[in-house]
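Before I ask anything, here is the structure I am working with.
For reference, chains read A, B and C in written order, and residue numbers begin at 1 within each chain.
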């Protein structure tokens, strides 16, 4: 654990030392689920304090790539990752790296709001507690809920079950929960796909507000959402492997969001963003 | 573009024969429920009617007296005691069963060995209880008689605990597997270690299921007669000068054995004793199930579901 | 400032505690409810225990423990005797079970129990186990059990059956007979009893039972060995019981079957049959040993006088070593063979031995005569 902490801290220093503001650099990333080659040869770099959007049709591997950034794929027995994912210069898949330490710095918000069956307070306090923080967590909880724009709505019912909240509130609670461990990066895996348009708008605003403090990567199905919130956009697509007949995700284009939507370099991107495909 | 359609009310009516199979199925399952309820009620009524004489006139005496050749004095206190001790042994195996389930579900890699163990556990749960009785004789009565004292309640408790263990492992495993993935991912995503995820999320969420399985196991343990017969539950015993440990290592009986013994005695007048002992066993099993339901409801409520 | 509530982590474990607590309570209550005085005696007066152990004085109250196993038929007798004995000797831990004569023999000859009951004499192979294990035994006859042929109370056509009739209905040669008239094919070979064409349902105890063995030996083998006057030279008779009857180790199940069919037939011990007859659940069929012989009803008198032809003696085997050295076992058998103890035989529904047999059994015990004593 200490060794990993050291490695990551060293990495941060090294990165800042070079003046580069890349949080993640991905080289030749390939992901396999058993025999299934799910994602092939992805190269990209994610910049600090930017919102990066991953878009593309279903099965294009965008969520799979996202889950490589906090080693969530480790939880799937048959998943295998090749290539390098560098976080501030440190290879996340180095043997010495502890995925638990990685996830404390790189938080995640999931597609479907997944609050724990506990009180609102305990949900937010969960991360700091498992991180070993003792004592009074009131301040952390309040700050996180404020950051997520939820404080005024829930401050009088912190001891009530989080499962009693609306879907949009639950998702903001999950964001607050992720923020509470004071991460560096937030990974958001289609965070609005289970929400109505109003709740979606609230979350999008929230993302803009916290962008000053966090690097955010968002996977979305919703192109307008990517256009509205993100600084850069990566377009993925799925190719059918001729021999196996399996879908294989592939990064087509990664540019500033404005470029992707107004002047894409690849015709597949253009077809997708103009709605002719996907 | 479609032409404008005329729609008659008749065309929207249910046609005869639509979903006939569904109606038949509904009737069948209603009949099945009715039959099941009728059988349970019939057994309950029959037991109470046969046992009424004792239940009405000397219930406490019946509960507090050991077996006797005298119909007016004979009771089931020793059987209750034996069954309670056996249940205690089953409770003691609870951590082992849950631990095994956690290991198999959460930690073990999906190798041929872990699959073999899973299959074996499932098969063990289906092994007839008499086999566990024979195992109990070989291992606990003969092999470990220094510890168990031979044909004792310790040997019986251990044999029945081993009998119930696979049931606990399987139901606990199923409860663990039923914990939703998003819950685990949410905790992992916040930097929880595997053990923290299990301790703070998975186990609490699985607890109602685990407890239900354990309670069903205890209820089954209370009703098992075959292993007790093989291990050597007796019909009558006195404890003489034995101290508590010697009693644990000495002769014992249990409620199912009381029932069997009363049922085998010649006089018709003993039928009431067999029924009353059955009644006591039924009430105990019912109470234990009730506790399970209450606990399950309380935990579920606390989890906000 | 809003007051943030403290988290409630341990709450969910309260429920586990609740269950464990309830079960502990259950155990505690049952321990209290249990009348075994020694539980409380040990707790309240530990010195009593200590002093008796330290004290070697032989005059102290009797101490010890033993298990009595064997025949389920004899179980009610022993239960009564053991209870009366332990009331008078509360220092002895005595236990009684009744798994069957054969199971009892196995435990006895393996030295697991000092006393075992049997509803028959031990078989040669059982005694060989005793011998192999160096177990010497004292064989005590202690009562008589009449095996009674029963039918449904609704049976108005069958009053009396001879051994030969029973052979024609229940022996292995009768396999597959599901009407009484089927047996006429066999009875026509001798006296020609003509049974009516009504359904024949046979119920009896299972092979593990001494009653099964005794019925087979006395009736079926009796016929096969020519004891009922049939010509066994020119025709082979079987010695076994038909396999296709409904068997149960529980006599009450047999009685239920008997009552369920008008022309059922079965056999059980006299005590069970008598209780069933009094309760209106069975009809006791008279039995004649030979065709045309005297039909005898099973009663205490006819069984004791051997007028009723299907009767068996009940035995108790006592380990000779225990009979010499174990004061608790000695005291118990002394009581069991006393006139007072023997009252249990009749109160349990069996028949006391004739006086001569009684005296002989008591003499065998008093003189500790080991080895086979009866035939």
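Note that in this section a residue touches a chain if its C-beta (ideal position, glycine included) is under 8 Å from a C-beta of that chain, and two chains touch if they have at least 3 such contacts.
Predicted model only: the values in this text are computed from it and were never measured.
The most distant chain from chain C, with centres taken as the mean of CA atoms, is A. Chain B has its Cα centroid nearest to the centroid of all protein Cα atoms in the structure. In terms of their C-alpha centroids, the spacing between chain B and chain C amounts to 33 Å. Chain centres here are Cα averages; for chain A and chain C they lie 78 Å apart. Per-chain Cα centroids separate chain A from chain B by 46 Å.
Shown for chain B are the residues that touch two or more other chains, namely 204, 303. Those residues of chain C in touch with two or more other chains do not exist in this structure.
Interface of chain B with chain C (complex): residues 63-70, 77-78, 80-81, 83-85, 87-88, 91, 151, 204, 207, 211, 215, 218, 229, 232-244, 246-247, 250-251, 261, 263-268, 271, 291, 295, 298-299, 302-303. The touching residues of chain A, counted against chain B in their complex, run 70, 72, 75, 77, 100-101, 103-104, 107-110, 112, 114-118, 126-127, 130-131, 161-164, 174, 177-178, 181.
Residue ranges of chain B in contact with chain A, taken from their complex: 109-110, 180, 182-193, 196, 200-201, 204-205, 303-305.
If you check the complex, the residues on chain C that touch chain B are 11-12, 15-16, 18-20, 22-23, 26-27, 30-31, 33-36, 38-39, 42, 49, 52, 63-65, 67, 72, 75-76, 79-80, 82-83, 86, 90-99, 249-252, 269, 271-272, 275-276, 278-279, 281, 344, 348-349.
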